[in-house]
Each structure stands twice: as C-alpha cells, then as structure tokens.
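Two complexes are shown next, each including chain A; its partner changes from chain B in the first to chain C in the second.
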Partner chain A sequence: MDSLNIPATGRTPGVAFDFAAGHLRLTGESYPDDVAAFFGPVFTALRAWLAEPGDDPITFDMELLYFNSSSAKALMNLFQMLEAAAKAGRPVTINWCHEENDESMRELGEDFSEDLRHVAFSLRNVPAGGIE
Partner chain B sequence: MNFNLFAAEEQAIEQARSLGERLNAVAPECAADFEAVIEAFQRSTREQRRLVRVSDRLQAQLGAVNQELERRRQEAEIALARLREAQEAMLQAEKLASLGALVAGVAHEINTPVGIAVSCASHLSDATDRLKRANEGGGLSRGDFARYLATASDTTGLILDNCQRAAQLIAGFKQVAVDRASAERRRVNLGAYIQETLVSLQPKLRPVGHGVSVSCPADLELDSHPGVLSQILANLVMNALTHAFTEGQPGSMTILVETPDADTVRLTFADNGRGMTEEHRARVFEPFFTTRRGQGGSGLGLHIVHNLVVGALKGSIAVDSAVDRGTAFTLLFPRVTPPDEPRGGERTQPT
Partner chain C sequence: MLAQQYAAIKRDLDGKGIVFSFSGYLSEGILYSLGEALREKMTLEDTDAPTVRRVFSVFVEQMQNIIRYSAEKVTGATTRAVELSAGMVTIGMERGKVFIVCGNTVLNADVPRLRDRLDHLRSLDRDGIKTYYREQLREEPEDGSRGATIGLIEIARRASEPIDYDFDPMDDERSFFCLKVRI
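After this line comes the complex of A and B, so read on.
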C-alpha cells in the first residue's frame, strides 16, 4: 500500500505513514479548523492498511508538540485501532515523544497509555526544540 | 478523599455492575454484551478524564503565553518611550550644535572688521599724540599737519567702513539667530536672506576656497519662516562640505531659486561632489542614517531638514544623486506659508 504523506501546516500536523516499512509518524502541531476533515482520510488509510493481511511489526511515533482537545480524541481513537491490531497478535510499538522539560506532556503520555494493554508503549525524551 | 470530579460516573458504573449481576440471573445470554457496554462506558470516562487534562494544559499554556505577551508589550512600550526621549534629546542637541556653529561663524566674521577698526584707531591715536607733542613743542610744520590730515582721513574712513560692515554683519546674524531660535514667521527678501545665511558660513567655506553661487529673482519676497530656511541651507552646505568634497579640495555649490508659478518657490541646492549610490540616496532622510557613524555623523541632519521642509514650510524635498555626479536637493514650497491646520480638525484638502 502507498505511503500517506501530508506536509505540516501551521494548524495541521505532518503525517508520514510509511506503510511498507510499518513506520507511522505524526509531527508538528494539531489544531485543525475541521478535525473530521483532516483526520478522516488519515483514519481511512490506516483502517484499510490494518485490514490487509500481514503481521509485520508497526511503530508509531507520536511527535506532536501541541494539540487541541479534538485532536487528542482523534489520537485516542487511533491508539485504539493500533491496540486492536496488537491484540490480534501484531507487534505494535507507540513512542510518545515529549520535550525533556515538558513535564505535563509526559504525564499526558502516561494517561494516554492507560488503555493500551497489548501495545508496547514508551515515553521518549527529546531535547527541547528537537522535535521537527 | 479529595473532591472527585467523576464521582457521578463512578457511581453510575457501580449501579451498572449490580444491574449486570441481576441481568446475569434472569438473562445470562445478555451478560457478555452488557459487560462490553460497561467496559465502553468506563473507557469513555477515562477518555473524558484525559480530555479534561489536555484542555487544562492548553489553558495553562494560553495563560503563560498571554503573560509573556503582556510582559513583552510592556517592554516594547518602555523601549519605545526611551527611544522617543533619546530622539528628542538628539534633535535638541543637533539644533543647539547648529546654533553653536552659527555663533562661532558670527564671532569669526566680525573679528576681521573689528580688528581693522581697532588697528586703524590705534594708528590714528599714535599720529594724534605725535601731532600734539609737536604742537606743544612749537615745532609743528605745515607738512606735519598735512600728513596728519591725510592719515586721519584714511584711518577714519577705514574705521567707519569696517564698523559699518561689523554693524551690518551683526544685524544680519541677529536676524538669522533670532529666526533660528524662534522659527517666527515674517516677510523676507529671499535672495538677501540667502546671502546673509551664507555669510555666517564663510568661515567654513573660505579656508578651502569652496564657492557658492546663488541665482535668485531679486524681488522675490517670502512670507514664511526664514529661520527654518536658513537652518536648512546651513545643513545642506555643511553636508556638502563633510560628505561631498574631498578634504582640502575646493568644491562648488549652486543655489538656484525659481518660481514655477507666482505662489510656488523651487529652490535647488546642488554640489559637484562625489554623490551617492542609489541605495544611500533612497535612505538619506531616514533618521539615524549616516555613512559617518563614529566620525561625528548623527544621521539626523537630513531627517530634520525633511521635517522642517514638510512641517514648517509646508513643502516637499527630493534628492537626486549619482556617484561622482554630485547631489542636488530640490525643495518645493509655497511662497506664502499657509496657516497651520487646526489640530485634530478635519482636513479640508487632501494632502
């Protein structure tokens, strides 16, 4: 399946889903005017890919610096899709990246991992200004 | 236990659990589905908790950003106020410096005729003493007397001429200085006034031999602020001396006055010096633009000139220049300065 690449804008995140390599990334900031319009196609692509047979490992890097509440809900939905795949036996890793001085982002990561039983979840420290 | 934001949700889950037990007894086939509903509700409650946290974090960030913004706004305001004060101080300093230069010019110019008058007077006094002694000794000849008369008429003539010259200079300077200080409005013959202003600049012009030629309709009368005009001319001349001409080399300047129509004056001040690049030309009226920073340049001279032309003379100024082709400033202003517009009032004419 083709990769999904959407360059970041001021309000919407960069999406780099390299399906062939099983490597998914979200970067930048996320507060789209219309969350459904932005995340709709992302979810459709991900759902279609997960529906394909295969059990190669998946890595998801959550590198958002800033996101609004609707984007947070979208993120939780996305995590649940990955959790379902992991439950079905596929190795899934989620890396929650946060700047090293951003304590509250780290705590949010812990909160977000609460409902992940089968996914390997890890918190990643990156130097401030290092996520790009 | 602390106040629990989600007490109601937790209570609902408890109730659902006991309902589940009763349901299990009467309809065991529904138990698994009901368990899934409870599970979904629980997850939804956890997500709600997370969303509240996300939203709190956003609010906190917004608050911090607002505080930072306010702090920077205050800093910027303070910086702006300081800058305004500094600009005001520099404008005053520049004005004083130009008055100072004027006074120095006056002193220097008057020195010559006064010096001549003093030495003539002392010569006459010596001759008078000699004549007196000869007369007292009884040895006064016709020839002595005739020589004395010749000396007396020469020296008194010179004394008179030079004292008149000094008086004239003082009158001219006084007018220029008073005009400069007060920016008062009055009627003035433009050609004569330009000459008076140039006289005060002679000490700067003469040593190197710089020439200023003036061409102005003899009967052109302004009703304007002559002091402002004199400050403008002094600034332009001094700029030509510092920026246009190579040190020690005589340069020439021209002041050309024309009247494109009876009520408009066009004054062009040109030098035949080194000129400027287009990049510099475009910036000369900017405050603090100078190519002589650290060498006595404040970069305010032409900015002040611009403000004076626009503000006091109600005119406009443009500059034309090219490297090695000299520089020309063209001032266009009404012969009779219109009165100030009332402050804050509506404009009657577009500008």
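After this line comes the complex of A and C, so read on.
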C-alpha cells in the first residue's frame, strides 16, 4: 500500500505513514478547525493497511508538540486501532516523545498508555527543542 | 470625546492587567491569528516553552468553546463553511500569573448542565481531574456536544487554581456566561 504523507501546516500535524517500512509518524501541532475532516483520511488509510494480511512489526512515533482536546480523541482512535492489531498478534511499538521539560506532554503519554495491553509503549525524553 | 471614550476603555483594560482583548465575532481564523500573537508575545518575554504551551492550550479550548457553543452565531457557506460566533476573549497578567477570561451568550436551557459540569470540575483535585480526563478520552461524545466535556477538563488540568465561572441573566432566553482560568 502507498505511503500516506501529509505535510504539516500551522495547525495540522505532519503525517508520515511509511506503510512498506511499518513506520508511522506524527509531528508538529494539531488543532485543526475541522478535526473530522483532517483525521478522516488518516483513519481510512490506517484501517485499510491494517486490514491487509501481514505480521511485520509496526512502529508509531508520536512526536506532536501540542494537540487540542478534539485531536486527543482522534489520537486515541489511532491508538485503539493499533492496540487491536497488536492484540491480533502483530508486534506494535508506540514511542511517545516529549521534551524533557514538558511535564504536561509526559503526563498525557501516561493517560494514553493506560489501557494499552498489547502495544509496547515507551515514553521518550527528548532534549528541549529536540522535536522539530 | 472620541479619544476620551476609547482611552477610558483602554485604561479599564490596562487596569485589569489585560494584554489582549477581543470582542465580537470569533472564528477559527481569529483563533489562529490571536493564538500566534499570544505565543510570540510570551516567547519574546522569555516564557519557557511548556508554560507557553499550557497557556496556549487553555486559550484554544476556551476559544473553541465560544466558536462551537455561543448562542449568538452566524453560520453559512461562502467558498467554505463559515462559523462566526459572538463572544469575548481577554488575556492578562495578575499577581504574576497569566489569566484568560472568555465570555459568550448561552441559552438559559443549557445553563444547568454547564453549571453541573463546571461545579463537578471545581470539586476535583489534580488526581481527580486526571482520572476524569482518562475516562472522557475513551468516551464517545454526547449528542450535540462536539467534545465540550473533554475541552473543559483540559482547561481545568492546565489551570493552576480552580476555574472561576459566572452567569449573568440577560432575558428569559439567554444568559452571559464567563469563565476565568489562571494558568
């Protein structure tokens, strides 16, 4: 399946889903004026790819610097899709990156990881300014 | 007269420590521009990046609450869907802390539900707010809510003191709602 690449804008995140490599990445900031319109195609692409047969490992790098509460719901949906894939036996790793002094983002990582049972979740401390 | 009247408004705002103020029709475009100005101002004043993000986060949730729930709005489509919602947003400094006050018209019928949510949030301590956030993150949004509950929890989480709110009845149908958050 083709990669999904959406360049970041001031308020929508950069999406780099390299499906062939099993490497998914979200960067930048997320507070779209229409969350459903932005994330709809992202959900569709991920769902379609996860429905294809395959058991290669998946790595998801969550490198957002900021997301609003409606994006939080969208992110949770993505994680639940990955959790389902992991439950079905596919090795899935989520790396939640936060800047070392960003306590809020680290706490959010804990909130999001709370009921992931099958995904390997790790909090990654990055030096301040280390996330583009 | 003209300058005198407006100077009086400005003095009043300055006296309250207000640095940014906007009253009128708010839109996602205004949220974006005002948000950028707010971040630039804080960054120029050497505010550390996580504090800037915390203030920005409260600002975005408050603005989106007005845009989505103001009882006074104009919607339609020009080249794209437009949602203009009347309200006020002021950002200022008080005792070394940033505060954001937002105000908008709400329907009296919606007041009890909003009051319940805010009172519930005010009754929770930090851990309680965190648990409530985790629950709501996994909930489907209520009908017609467009995610208001999680937005308010996000605001309470970033606040350094319990959130303040008030309603001022306007007529049989509407009240003016105000929310003050100190970060």
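Please note the rule applied: the second predicted complex is superposed on the first by the 132 of 132 C-alpha atoms of A that agree within 3 Å, B and C clash if a C-alpha of one lies under 4 Å from a C-alpha of the other, contacts with A are read in each partner's own complex, and residues count from 1 in each chain.
Note that in this section a contact is a pair of C-beta atoms (placed from the backbone, for glycine too) under 8 Å apart; a residue touches a chain by one contact, two chains touch by 3 or more.
For clarity, every value in this text was computed on a predicted model and none was experimentally measured.
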>> By residue count, which of the two partners contacts chain A more extensively, chain B or chain C?
In response: C
> For A:99, is the partner it touches chain B (first), chain C (second), both, or none of the two (neither)?
Replying inline: second
> Of the two partner chains, chain B (first) and chain C (second), which one does A:18 touch, if any: first, second, both, or neither?
Replying inline: neither
>> Which partner chains sit in contact with A:76 here, chain B, chain C, both or neither? Use first/second/both/neither.
In response: both
> So, does A:111 touch the first partner chain B, the second partner chain C, both, or neither?
Replying inline: both
> Can A:65 be said to touch chain B (first), chain C (second), both, or neither?
Replying inline: second
> Can you list the residues of chain A that meet both chain B and chain C?
Replying inline: 66, 68-69, 72-73, 76, 104-105, 107, 111-112, 114-115
> Of all residues in chain B, which touch chain A in the complex?
Replying inline: 43, 46-47, 49-51, 53-55, 57-58, 60-61
> Once bound in the complex, which stretches of chain A touch chain C?
Replying inline: 10-11, 31, 33-34, 65-66, 68-70, 72-73, 76, 99, 101-105, 107, 111-112, 114-115, 128-129
> chain B touches which residues of chain A in the complex?
Replying inline: 66-69, 72-73, 76, 104-105, 107-108, 111-112, 114-115
>> Considering only the defined contacts, which chain C positions touch chain A in the complex?
In response: 28, 31-32, 36, 48-50, 53-54, 56-57, 60-61, 64, 81, 130, 133-134, 137-138, 141, 146-147, 150-151, 153-154, 157-158
